[in-house]
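Questions regarding the structure given below will be posed in turn.
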């Protein structure tokens, strides 16, 4: 990951060797950059985007998790739900410029932002954990229900649908869909608008809408951590995850 | 009521002598069929529809309730709110194929499903309890607020409006509106999609979105049961209910 | 403020020397008229509108607050959040006919109504407290989240956007947008519809959707009252509020 600065805006490019899939290193880097940008008074808002041609973030790096022990999976899930909760409670404005596929864990993070803009085209947006037998972490379910209501949460979660940018817009999951070449300009415009708000007021306002949500998420996530690990090691899920990893190793068809 | 099977899908036809109005027998049959379908591993999803030409479910069978004692009404309300809560917590996917009027108690049950498809045409969808002086059970109010937010809940409840299929779609109360001849095919398609999800994962996911809702509903319903009974026997409501029952006895105008 | 009566409808015209800005007198008058209309059985529903040509309510009367002590500001904030909570819990139907700008505190009150109709044209609708460094009272944040979900609440609050009538309609913040000359007729029609509901049932139903909301608002407002006052006296906010008051004193450009 790389941090650029443009006036008072920090631009965070997700850019990893694993096509932006979330693994230990991804989470470590994300925390490091959030520490840096949160502490730096010269940065008043963030834009988060990706350097990849067609992927914003494809979710968890499944191959990196194969063969892990129960304790290791427990640690990974704590880290994964922790980064989402940190984004929920991040005190500065965070604008997502979704320039490619935004799915599973990548979608969870983007949903925690203050605002989501997405490029029109073939990229998809969705939470498809269910298709490998994984219920989304309960804290993420709570976040979806809080932001969009229980019904939209269910439409997103039950079907595991990959929404088009327009489909995501229709449900309110993203705020605007733009031509790809307009995406970054509009994201910077939004970030400047929010960066221009009185920072003490914004920080307080954001804590009003997010603090109790982040606390509910932590308490639910903690209470269900054993279930997440148990689910990972269930026969159903191990079978589906192994098959998914096998598919990734095959060269993609044209 | 009748249960058909098509591969892994159970198709439940509501079909009663009382034009599908909800009475003791309706509730008993509904529980029996939910027991059966829940226990049977060969059924992975349900489609719920009606055999009636123009009515899915018209709500409570008012004539069957006339002259009941306080204890009897208390029992009936417990059974009525209980069937809605059971549907909220039902662990398998339930797709509603609404082929006719879906009102009052019928609407409450359909809203508890995982997905609602409605036939275009003259059928209506709504909660009009208010027009006979009855507030909807508080658990149903909670369910509406949870799924659609407080504002949509109020639009539905305050006016007692009978929404057209398109009006219900615009508020998100139903998910799709289809030509009547396409309704069942699409419902089966949806049910197959959900039946195809890993069942352990789906069960867990559904409990994440529904378990605490069902618990809140039970606790609210229990605390307000006396109010429901008191309201039923209020002068205002008895007057309106009696008039409604009189109107039902008259032959319908052309 | 002035109360007219038309059959069973009370029509409340906001009409003050300070262009309908909310100050101590406004709040006192509002309580007095709510006392009167709540107690009078001949009034079954309210329409709230304004006598001003282009302003429904512009929010708090900032000049009236300059130079107040901490205790005085504490009292004012208690009164301001109190009038919003009272409207949330007001037992009779309240229809807002928004015939002009409806912003900040004016918007908070309108959002507490049972239904909002807005005249098309140049009037705006929004909560722009953030632009003078003020987070909206946390009870109002809770109300927005309850009615519209967390995401719409954030869109309204973070940006401080002044929505057009059509923009407010698209987010569900208002229920209908009408030609100005049609506004009052339609508001009366809506009020008559709601006035025609059985009053015991309506009162109970409204308490089901509003009572626990009003209680959560009170408990949050009480817990955050010191923060509101502290925020008012912060350097950031005093600077912005003083500048805003200066701008008001200048003659408006053409």
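Each chain carries a letter (A, B and C) given by its place in the written order, and its residues are counted from 1.
Definition applied: a contact is a pair of C-beta atoms (placed from the backbone, for glycine too) under 8 Å apart; a residue touches a chain by one contact, two chains touch by 3 or more.
These numbers were taken from a predicted model, which means no experiment stands behind them.
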| item | value |
| --- | --- |
| Proportion of interface numbers common to subunit B and subunit C (over half same, under half different) | different |
| Rotation in the CA alignment of subunit A with subunit C, degrees, nearest 5 | 120 |
| Distance between chain centroids, defined by C-alpha means - subunit B, subunit C (Å) | 36 |
| For subunit C, residues that touch 2 or more chains besides their own | 149 |
| Complex interface listing, subunit C residues touching subunit B | 93, 114-115, 146-149, 172, 175, 193-194, 197-202, 204-206, 208-209, 213 |
| Contact set on subunit C toward subunit A in their complex | 129-136, 138, 141, 145, 149-155, 157-160, 227, 231, 234, 236-237, 240 |
